[in-house]
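The structure follows.
So that you can tell them apart, the chains are marked A, B, C and D in the order they are listed, and the count of residues begins at 1 in each.
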Amino acid sequence: MPEKADQVFLLLRDWLVGFLPPGWRSAAGVVLGVIGIIAVFPGLFAITTVLERKGLGRMQNRLGPNRVGPFGILQPIADAIKSLTKEDIVPLNADAVVHFLAPVFLVVVVFMGFAVLPVGRNMVLVNMDSGLLFYFAMGASTEVSIFMAGWSSRNKYSLLGAMRAVAQMISYEVPLLLSSVVIVMMTGSLSLVKIVEAQNQYTWGLPHWYIFTPWGCAAFVMYAVAATAETNRSPFDLPEGESELVAGYFTEYSGFKFALFFLGEYLAMLSISGLGTTLFLGGWSSPLALLNWVPSWIWFFSKVMLSICVLIWVRGTLPRLRQDQLMNFAWKFVLPMTLLNLMVAALWRFMGDGWARWVACSAILLLVYVGAGRVGMRREHFGPRTYRYAE
Amino acid sequence: MIQEGTAFTPQIAESTASGILWLIPALPIVASGIIALLKQPMRKLSATLAIGSLSCSLLLSLFAFGHVLVGWASGAAVRETVNFTWIQVGTAHVDLGWILDPLAAVMLVMVCFVGLLIFIYSTGYMAHDENFTRFFCFLSLFAGAMLGVVIANSLLLLFMSWELVGLTSYLLIGFWYQKPSAAAAAKKAFLTTRIGDVFFLLGMVWLFAQTGTLLFYNAGMGSMEALKLGGLLATPAGLGLTAASAIGLLIFAGAAGKSGQFPLHVWLPDAMEGPTPVSALIHAATMVAAGVYLIARVYPLMQAGVQLSASGEAIGSTVALTVVTWVGAGTAVFAALIAVAQNDIKRILAYSTVSQLGYMMAGLGMGGVAVGMFHLITHAFFKSLLFMGAGSVIHGCHEEQDIRRMGALKIDMPWTFITYAVGMLALCGFPLFFSGFWSKDGILEAAQHWSVAKSPFYMLVFGALLTAFYMTRQVSYVFFGNYRGHKEAHESPPVMLLPLVILAFFAMALGLIGTPVWPWFRAFLEGHAAGFSVTGFSEPGFLALMATSSIVVLLGLVVAWRIYGNKPIKAEDPDALERAMPTIWTLLEGKFYIDELYGATVIAFYAWWARVADWLDRRVWGGIVTAVAWLFREGAQLSRLFDMNWVDGGFDKGCEELASGGGLMSRIESGRVQIYLRLLALAVVLLTAILIWSSRG
Amino acid sequence: MSFVFWLLAAITVAGGLAAVLLKNLVHCALALTVVFTGLAFLFLQLDAQFAGFAQILVYVGAVAILVVFAILLTRSSETPKDGGVFSRTWGVGLVIAAAVFAVLGWAVLQSETGLPHETAVPNVTVQLIGNALMGRYVLPLEIVALLLTAAMIGAVIVAMHEKGDAK
Amino acid sequence: MTVFATPLAGYLLVAALLFAIGLAGALTRRNAILVLIGIELMLNAANLNLIAFWRYMPHPEALTGMMFAIFSIAVAAAEAAVGLGLVISIHRHAKTTDLDEMNRMKG
């Protein structure tokens, strides 16, 4: 019975596809999968928004949305209706075409990222041999759309926001990649499915998730930081810092396009936490061997939502950085740390089994992370900001 | 007396104790390295580092000591060595190594313990010095080096540490280098010991040449073991000496240099320019004892070739040992005499140190390792006690060192007084309750039974008398009578008193391990069981000996007390003895004018030689150099003329040609990228076309 | 010669034309990204997954952004005052380009008969590529790594404010 | 809809066309950045060639062409970085990115 519950969606798909002539089945299967993704994740997006608004409300000692529906849980629907019915304003001297293309492109690219995430046992749209690479390729492409949005709306806030966003995303893409490469090194494969399966083993009923190894843990910390920056979440939310530039690159957007941007952002958040879950938290594998009967997709989604909650918590807690601090942090701290972690992982690989490598690797990492952390985050590194134009 | 070496059942087996032995010197050295990097204001940290590392060493050495003790208790005398090859040149190889045997173990514990106490004491004494950190850096470097000397199993390693010790002593004597006197003293110490060390080096090289190894013990192949010693005895060295005794003498010269034996003693009193803890640590307890320790180490060599009676008693002695004895005894009396007429509290102690070292040497020469070492240990304790007491007196009297400007301090600083008194009695060898008595008795006994000559015995007895005399004089000057200083004296802080108390305790207690009733120490060193025999006292003539020495000591005390005791005197008026016999007094006060003698002979000669060399440099070599330089300059002039008139013309022509040619070519260089790109593209077109044509045909 | 290929080719070429012809440089850059993406998909057509994704990651993610940054930093997005975005002697350039194309096309058509026909799809896993990179091609890899480092540092140095330069 | 005897030829022609376009851009535009864009186009055309040959020539598992392409992508990235850096610094000094005005190095 648990197997059935686990594979319920696949069974459903096959049953539906069964009605079609054999030639079309595979294609139809893919289509169904796409539909599934397009249906599920926006749903999660809706949940996330209300979760975030209420959570932040609690953290800031207020109620948050509480009018629409019981406890305001129907708020997202109201928002959707509102943003769909709003007038769509395009600035007079904006670059209309680009201005239109930007949000569409963003959403498309973000959705494509989900194609390679295994959301459950055998539940992945395309089991690509180089899935991770694909994911990062898609992630990189979002920058273009953000730039398009910022530049096309002919507004200095938008442009500044876009520039900041792009610079920040490029800077944090490097540590993001490097911290994931560790996992690739260990699994010996870029395929996310393989990565999850590599983590889906147990000793004494405890899972072999990568976060439970020294290098994995370190990489996870760095990944978390980089991911937060990559999705422009606070404390890295300079690109849309309300206090500085009205709403960053989508200042000039309204109505449906604005909604698309909003959607895109939250989807990016979901997908990047999905990737983190896949890489470090064992994807859809259950945290305890004896909980294996619980359907795998439940595990995946609960992990994702958990990390989303952490993101919300962080947003409610930390103040915003300054641009130069951001950059310093990326290049002078996070990057070297990930590189070091790479070497430690190599060391781990070559020390072979046994407790020795645990001691050695954890010792190195602890030493350097704590020590370098203290030194690297000293005050003077965040001195007065200096600007560089090419005037 | 029992033969060392033979009594031992050498046991090379590696044990953790000997495995980790190297850590003992390594820790303080590392600590000093770290301290050297610290900034000046980081006083606490540096002190903590130094003390911490040394206490770790102390623990380790206690562990090692315990290991040896256990081994000894179980019958097998421990001698564990760890050797390794340092340099490999062809077939010849120089080995280093360290050793763990009773001798080393005892020394380790002593050095660490006294050193630790003195470190603690210095935190108080140097509290106001702005170079606190530097001081501790040097201090713990010294400690490390000294421990290195102790554990060395290779004459070479020992020599390295030996030199390191010399260096640190130089640094520490000259610690207050602002004072010209201190700087001079440091230099003097360095050079004087160097003289000894040169001989030492010679001896070492010779030994290596003869035996091919510098290891002391190496499973029968060491230079201190029967095999090689036999070889040494076989080879004659001229002057009727065997190589063994010749090398022994050379090494002893080195020892004499460090331990301030007679001709080379001059540096030790001057070394008192250094801070008092330094004097206590280096120039009383440890470094100066290094010489004695060295002799003890190479004792088999010194003793090689002595005939033995059936009972293992040595009949007669070797040349080396005889020399050691005579020098020692001579120094003992000589220094004691000088000490009588000194007025600087530390100088008196310094000379007494010299004379006590003489005792040790004599003890080694006549009585064997145990006797000398026992006195070394006890002396280390009570002499460092005395020095630290003196330090606290000086501290209390606001850096006043002249005993004529002190007095009546027993009221102002009672603790210092009590401990100092204990130390003084121990040094005098007050009967029964003080360690000095037993150790000195051991030496006297050995002297009494010495089969070569009797006069050393009498010299040493006389020395004992003098010792009692000058110590009493000093004490009564310092602590009794009326206060003759200017500023009010005050007691020192507890951090300085605590070590004093501890040392005082040991100055009394240590005697117990060396009484004839229970000669534990000797037994331990010589590796046979320690028998407890009440009959120890009633050995033939021993009671008489004890009586004599006690009487002598008491005599000295009484006489001195009669002369100096509790008299209200002024700082200016001359010394009682001086009134009695002025000529001798002046001679003594002038330290027999040894320094002046050296100044007139050796130093004068060197000065003259330096002048000659200087003259040579200026006139002869300098002249040649200038001449050569002139020649070259002229040559250069010539070639320059040649260049200007002949070569350059040709070059100019060529350059003009090139320039005009370049002008022609530069037409193409329009400076516009796209033009170049076009040319490139055209080239591509042409090449491809040609390719295709060729492929078609 | 599938339909997909033609479609992709058309998109790519159109993007290329746009990239060189459009007046506004930012539009050019965006067209350039179109070209890059099209090429990536062509790579996928050629069963070169890894190369395709690398193409997107590097070109769309990095190079295009770089170009855009450069455009904005040098304020060359607004068209020059005198209008013309083409150089005075653009005709010559065009002719030469045409010549190059003619020659290349000619070459292709010449050798077409000799070209190999449809072959089986090579199954090249990322594993294989990785092994090759770490094995046979490790030296070039290292050199490229060095080159990239040098290029990065060089670019920073070149583009940085000189402290001394008088403004 | 087969125009050519082999699929390879199609890829080659597309590559050639791209190359020509890039070259034209590099030759005719005035803006330095656009010249760089043209060069990028040419590089990509070359990459397409390499991949195509890798795919259709014998022994694709030897990966020669593929590796060539990957390395050339890396090198292209470096080239772009340095080139744009140069353009920026030139712009700083000459206050222009117009190549017609950049002829200060004429001989």
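Structure notes:
Quick note on the criterion: a residue touches a chain if its C-beta (ideal position, glycine included) is under 8 Å from a C-beta of that chain, and two chains touch if they have at least 3 such contacts.
These numbers were taken from a predicted model, which means no experiment stands behind them.
Among the remaining chains, those touching chain A as well as chain D are C. With chains reduced to the mean position of their C-alpha atoms, the one farthest from chain A is B. Counting C-beta pairs in contact across B-D and across B-C gives the higher total for B-D. The distance from the centre of chain B to the centre of chain C, with each centre set as the mean of the Cα atoms, comes to 76 Å.
Centroids built from CA atoms put chain C at 29 Å from chain A.
Centre-to-centre separation of chain C and chain D, using mean CA positions: 5 Å.
Shared interface positions of chain D, i.e. residues touching 2 or more other chains, are given as 23, 26-27, 88-89, 91-92, 99-100. Counting partner chains per residue, chain B has residues 674, 678, 681 touching two or more of them.
Within chain C, residues 50, 54, 62, 69, 73-74, 87, 92-93, 96-97, 100, 104, 159 each touch two or more of the remaining chains. Across the interface of their complex, chain C is touched by residues 674, 678, 681-682, 684-685, 688-689, 691-692, 695-696 of chain B. Chain contact summary for the complex, chain D toward chain B: residues 23, 26-27, 32, 35, 99-100, 102-107.
Of all residues in chain B, only 662, 665-674, 677-678, 681 touch chain D in the complex they form. Contact residues on chain D toward chain C in their complex (touch as defined above): 1-14, 16-31, 33-34, 36-38, 40-41, 44, 47-48, 51-52, 54-58, 60-61, 63, 66-67, 69-71, 73-82, 84-89, 91-93, 97-100.
Within the complex, the chain C residues that touch chain A are 26-27, 30, 33, 37, 49-50, 53-54, 56-57, 60-62, 64-65, 68-69, 72-74, 125-127, 159-161, 167.
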